[in-house]
Amino acid sequence: MSEPKKVNDLRAGNTVDTTFLVMEKELKEFTSKEGYYLQVKLGDNTGSIWGKCWEKAEEVASLFEPGDIMRIKGVVESFRGRLQLIFEPEGVERSAETYDIADYLPATSKNIDFLLAEIVKTAEGMENEYLKRVVFSFLHDPDFINSFKKAPAAKIHHHNYIGGLIEHTQSVMALCETICGLYPELDRDLLLAGAILHDIGKTAVYEYTFRIDVTEEGGLLDHIVLGYRMVEEKIKGINGFPEELSLRLLHLILSHHNYGEWGSPVKPLFAEAEALCYADMLDSQLKEFIQVQKYEEAKGKEDVWSDFSRRLDRFFYLGGGKTHDK
Amino acid sequence: MSEPKKVNDLRAGNTVDTTFLVMEKELKEFTSKEGYYLQVKLGDNTGSIWGKCWEKAEEVASLFEPGDIMRIKGVVESFRGRLQLIFEPEGVERSAETYDIADYLPATSKNIDFLLAEIVKTAEGMENEYLKRVVFSFLHDPDFINSFKKAPAAKIHHHNYIGGLIEHTQSVMALCETICGLYPELDRDLLLAGAILHDIGKTAVYEYTFRIDVTEEGGLLDHIVLGYRMVEEKIKGINGFPEELSLRLLHLILSHHNYGEWGSPVKPLFAEAEALCYADMLDSQLKEFIQVQKYEEAKGKEDVWSDFSRRLDRFFYLGGGKTHDK
Amino acid sequence: MSEPKKVNDLRAGNTVDTTFLVMEKELKEFTSKEGYYLQVKLGDNTGSIWGKCWEKAEEVASLFEPGDIMRIKGVVESFRGRLQLIFEPEGVERSAETYDIADYLPATSKNIDFLLAEIVKTAEGMENEYLKRVVFSFLHDPDFINSFKKAPAAKIHHHNYIGGLIEHTQSVMALCETICGLYPELDRDLLLAGAILHDIGKTAVYEYTFRIDVTEEGGLLDHIVLGYRMVEEKIKGINGFPEELSLRLLHLILSHHNYGEWGSPVKPLFAEAEALCYADMLDSQLKEFIQVQKYEEAKGKEDVWSDFSRRLDRFFYLGGGKTHDK
Amino acid sequence: MSEPKKVNDLRAGNTVDTTFLVMEKELKEFTSKEGYYLQVKLGDNTGSIWGKCWEKAEEVASLFEPGDIMRIKGVVESFRGRLQLIFEPEGVERSAETYDIADYLPATSKNIDFLLAEIVKTAEGMENEYLKRVVFSFLHDPDFINSFKKAPAAKIHHHNYIGGLIEHTQSVMALCETICGLYPELDRDLLLAGAILHDIGKTAVYEYTFRIDVTEEGGLLDHIVLGYRMVEEKIKGINGFPEELSLRLLHLILSHHNYGEWGSPVKPLFAEAEALCYADMLDSQLKEFIQVQKYEEAKGKEDVWSDFSRRLDRFFYLGGGKTHDK
Amino acid sequence: MSEPKKVNDLRAGNTVDTTFLVMEKELKEFTSKEGYYLQVKLGDNTGSIWGKCWEKAEEVASLFEPGDIMRIKGVVESFRGRLQLIFEPEGVERSAETYDIADYLPATSKNIDFLLAEIVKTAEGMENEYLKRVVFSFLHDPDFINSFKKAPAAKIHHHNYIGGLIEHTQSVMALCETICGLYPELDRDLLLAGAILHDIGKTAVYEYTFRIDVTEEGGLLDHIVLGYRMVEEKIKGINGFPEELSLRLLHLILSHHNYGEWGSPVKPLFAEAEALCYADMLDSQLKEFIQVQKYEEAKGKEDVWSDFSRRLDRFFYLGGGKTHDK
Amino acid sequence: MSEPKKVNDLRAGNTVDTTFLVMEKELKEFTSKEGYYLQVKLGDNTGSIWGKCWEKAEEVASLFEPGDIMRIKGVVESFRGRLQLIFEPEGVERSAETYDIADYLPATSKNIDFLLAEIVKTAEGMENEYLKRVVFSFLHDPDFINSFKKAPAAKIHHHNYIGGLIEHTQSVMALCETICGLYPELDRDLLLAGAILHDIGKTAVYEYTFRIDVTEEGGLLDHIVLGYRMVEEKIKGINGFPEELSLRLLHLILSHHNYGEWGSPVKPLFAEAEALCYADMLDSQLKEFIQVQKYEEAKGKEDVWSDFSRRLDRFFYLGGGKTHDK
């Protein structure tokens, strides 16, 4: 019988021999006797489980640090209603495999390659050669694409997982395509280029080795200015890029959070900027709501009302289930 | 040679014999002699022109009131760079034709029948029988449809013209269809029903005989509560409509302006309500921007910057023209 | 010697044989040995006390649920400075009496019948027959009166207890009577009808079997719209109710929370609506302050300053006692 | 036949010989010939009328200044639908009578002596000797009473007329009496003393010789601090005034505008202060609304909606008349 | 007798032969006869005067455009209490001199060379070689210095005149020097470099040929991002510039308007950034107040209170003169 | 070998015989046996340490209260990584010395006498005799000086330590001196007098026997009004003090927190008031930031980012150390 490989497949009684990301590590004093045991938080992209090693705690603890990928052999137990993974000192070894961080951190449930293909397809449909070139100067850059496919769009808020950036980007782009259909007076290529590039600064804002963290540059300059800088650099490399078009595209990046409360240094100053700004807000707010709603639903309360959510500043309605199930 | 029929086709020297909406009427004293002349503002759905009758002013003035449709014969002149229509006392008669107010007030530039067809098509695609029935209880109601096709969505702000409501409704619906594609976890039928019905209360808020006005009921109860009442009444007429589904649909109407600054009595309390709220905001804000931008562009200033717009609270960028023209 | 009947009469050493509302129920592990004891929170309308049963905990626990009224025989003990009620497994039985929930939940300290009589008296003094009839269509409705006399006015904030709604209603009405004396230009009957009916939607917002909870309808539609619906339904049943009067009365209900921050869908649009809005605010804010002040005073701190109150967003002044006592 | 004495009694054709307050004075050039005529704005406590003197304009103009009370003999004419008073150079003389400014500026329509009697009666009912003494140290001070009976409560906003302060004070006091009936836990004497004294600083804020103006002291220190200073001075003169009671009373003055937006240096820190704060707000907001509503009604528009009011930030509802008239 | 050279020296009766900036130009119809006269607004750095040419208006008007510097010979007259300059068609010729725009637009009353010297002196006192080099990369750049000495700091608000930028920069720098004395824990060189460079983006935001205008780049990207870009470019040219120091300096530029209401894309994230932010605010707000105060004082009203100032949102106090004069 | 005298000099193993302020006192139950031990928090102006007495806990506890200065003999031990001071029942005696509270509470790190000397020097440089006299009426008052040198400027926020008021005052004064240099149009003496006196009300707001507390007067009237009262009283004692100058100085006190959010009863109404307002804000905000930054740095985290600070409402940047160290 094959052993379970992923955290959310584990059940009490399983024996396990698989790799995990070490997320936390702590030596804990026994309450009943002298000495320490080792407690670790082990995760993959499906969730996390507490692991415990009762013996040689200090020695075992010296073998790895949070952020390492370790192969653990052990047994799953139930303790006070929650699962834990008990392992022996010998059951721990450093994984020799190369691995993809996306296998060990929470990640988008969408297919990243599909999202990218959607973006490329839209970019290929552009008619303005300059905008098309600046967009493809990113989409044809393998280093950029590597980051773009993995980067989260946040540390704490909406889309705060591997692939969050590209998921959000494709959503905003799709909304903007609908907008262009409704408002033919808008410059379609400009709005779509803005949608594709609006958050690319986030590839430089987050690092994610064993959790999502903000880089020094990311915190001190933020994604709006970093994205502006990345786009401007590419524009400089394109001969004859029209001046006004360049200013308009850069303005789309700078204004997409709206002036004031949300941190843009300029208000949207033409209609495509206004459109991008609200498309970004729609997707951000909706995803935020859905993430919080799923988190509350996962608690399995027997109540139609959620607990109070600070992030949404409200109790919200869980109801009796999906309405179409009735 | 055929005479011009519409205000925006008039040129100095034209003779005119056509019907106009009387928008304003005023007796003015001559500065150079005793007595009065008659000044009227004459409009149709392409714009308005000042008309003047130099003789028998009081007698002519007694023939009609603002809001009447009158057939005017006269001559177009240029005065201080603006056109005016000079007519004789004999050149005025009450129009005997029946007419459509949409021919005399500013109206959407979109095809209203097409917009309605889009909405019907989406409604036909609904799978939930209850939601489908409540939507069609409106779409199959000829009195409702008559209002729905003509009503503006505002008096002063975005979509403040004949057909504004249906244009806005179709846009919000289209955005929600895109959202449903991006977020399959949402209840598609619920969100689309909400999108189609969210602003129907506006059919009772505005009257528009010769300009857009707010009804007593519209001002005192407002479109959110009026729309809620209309939908609730239809739901009552549908046997076995599930209670939770009814509450959810009514909540979508009530919460679509968000609690607080914009006047909803409740915050959005589940994801479909959040989605509708931001889709409505996107279309409203974007249309508002575009209407103001067109108004400023029409001034024909030789400047890349607009005049200050109180409605947008900014100077905005007119630029050198559509970027793709360059 | 008669035994104490109410929680706030209990003293260490009392034997008890009376009915309580079970507010919470939990099996707790012994720290000193294997197994469980039963801990319950028992309440009536004077307060609550922790009860403990050391034996057959699981069996006893199966006899009742939170929300049940149980007859408990036991002994009051002092433990770490707080009272607790110790009972045997045999000392628990389901109460056979019918009971009034107002005897088991926190309730107004005012006489509810007196409050109602005050409201009826004011209603009887109305001269406008239509307003009088709509008010009495509620006051003569025994189901409504039953709810109206019990309903709280909130779950967490001011007047959050049995009878809170009628207490608040009578206060707002009394303030409006004073206002009518000061401002004879106001329509007295309209303002008083608005005062009496402004919060009746709350009878449908709260349920209170063993604690105050928000109904699905109450949360999703809220009391303003629910109250509007209730009043409109009654108006429809009154032949010849003048249209403008109807709109004005409904507007009073809808606008009484002011537009914006507090959730009305419309701003007050005539003076009686403004008056009701501020009378409601006065009573709400003052009661909120007094409830918090009493809560802080009950702590018995030896300090002139209260602890920081999040609800009032301030430290406030307790002083050295009632100033007139000095 | 007796001549009309008051501005609002004047009709075209009247001859006039009465005293007016000169509110404005201007020499205007004739458009049809060389030279000047004199235009003045003449007022009393019922309104104002434009006066014109066609001859010896400069000479006549030198006889008086705005703020003077002049006896004018002349004839009332109608010009472009408005009345004006035509007078000869000989028809102007300085009034020899002593006069009361309240006869020449807009004033409360209530009986000031009655308002004062109400306040005195309430003060006499106080039981706390210290609070009673501090209140009567004002009410028995003839200079204070003289100011208190005349002072307006504002220059532009609510109660901006002679007697406005005492009218507002009596209203707030009446509201507080109702509050004390509803909330017996409040210190009645403290709240009533606070209500009577809360705005007395306004006697030093406004001067009103021929219009309401702000004094230097009034503008730079404002009525809250000036009132605080006045009350503190009186308290110092009362032997044995309890320290805490003194602090509480002074705090009522200082906090009655609420901290923050409305300018109090401290938040209300006990319940009586909260009560006063909201009673003051109720009367201020309601009077503001009523004054604006009367102003709009006086325009005599044939529309159920008012013009947009900047002061109320809304269009409001005029309706078809007082609802009880129907 | 030498003729006056500057606008604020002109008196009625003067003959004039000097150069002016043409600020406005308009052909006006005579009211008394057929034809046009020419009206121009003529200015220099001391003020402006209306000029009129009664003959050959169209011909003369064709000789120049607003923004040109013209030599005008004419006579100063008084008309309705204001001065005007009457000139003949022959009295107008294009100025052959080269000129400095600072002689024709409102300019700082401070000595620009002194301000620059102060900045250079402070920069010379820096100990950190990297910061010193980046500052001097600007101060040694003659093109930059040319702009830096002339640029205004605003179009409408504080320091909206030639030299406004350097005046404001020196003030903020001086405040920061004081701050460094008070808070030795701050990094002096970092704060001073930030103070000197914080607004340099404004050299690219404004153009000022005959009035102050916003460039396309200035409006669409704004001075914060433009300044960031300028500093980053210079840093790239300095070998070995420490990474953290670079981030800190760039952060000072980006955060100096504070996040939110005032338009910075990031909040100040270390103490030097906080210091710069508030030093900038102090100087901006104070200068704004002083400019408005001078504008109101110049009206010469006989009142201690100013007219209402929208920019300051208050009436303010003019008083009886400088207090030390008394 | 000399024993350590101050908390921040203590190391494990030290024997101690010195005086401490008792900050907290609590009897704690032993977990391992019956009975209590005594736990106290002992502090001086360098920090605090937990002290424990294992025997005769209740007897020892009866010897002193929080706020007392006690001489403690004991031994410093390390427990779970933190130091604690173990003492015998005999090792506690009441200190017979007189002491200065500034030796036992956190205090400014600046030299208070130097700060005072700076203030006196500035005051001596004033030219306006009236302002100079009012300032020296405080600076020559030994009771005032005693309070002024010790008072904190806050309980929780910036400068919340002994000497905080004078430190803040000198900083604001220094900033104002710089401002006067930059803006010679300001009345130097008025602004400096305002700077020196603006917060003197705080001497009556805080009491600090063993911690900083707010007095009744301080909480109910607050420092702005208390400072106003103190200054006005001194002005009354100065013969011939000009009225306008008096109003201006009092206005500086009253307006220095700006109207609205921060609690001034009046907005700054002339330029010196605006200057003081922003100088006060600059020093307050900067000190707040620096105090929080030091608190976070003291945690010794190995991260460039601080923990989230509620007081600053942000994560901020700790970086890799002082930039000039690199």
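As written, the chains take the letters A, B, C, D, E and F, and residue 1 is the first residue of each chain.
Quick note on the criterion: a contact is a pair of C-beta atoms (placed from the backbone, for glycine too) under 8 Å apart; a residue touches a chain by one contact, two chains touch by 3 or more.
What you see is a predicted model, and the numbers here were worked out from it, not measured in a lab.
Among the remaining chains, E is positioned farthest from subunit C, on the basis of C-alpha centroids. Each chain gets one centre point, the mean of its Cα atoms, and the points for subunit B and subunit E are 45 Å apart.
Within subunit D, residues 216, 219-220, 244, 248, 251, 269, 315, 317, 319 each touch two or more of the remaining chains. Every pair of chains in contact is given here: A-B, A-C, A-E, A-F, B-C, B-D, B-E, C-D, C-F, D-E, D-F, E-F.
Every residue of subunit E that touches subunit F in the complex is listed here, in rising order: 127-128, 170-171, 174-175, 177-179, 181-183, 185, 187, 189-190, 242, 244-245, 248, 251, 267-271, 274-275, 278-279, 281-283, 285-286, 289-290, 293, 314-320, 322-324, 326.
Touching subunit D in their complex are the following residues of subunit E: 304-305, 315, 317, 319. Listing the residues of subunit D that touch subunit E in their complex gives 214, 216, 219-220. Within the complex formed with subunit F, the subunit D residues making contact are 216-217, 219-222, 224-225, 228-229, 232, 244, 247-248, 250-251, 254, 257, 259-261, 263-266, 269.
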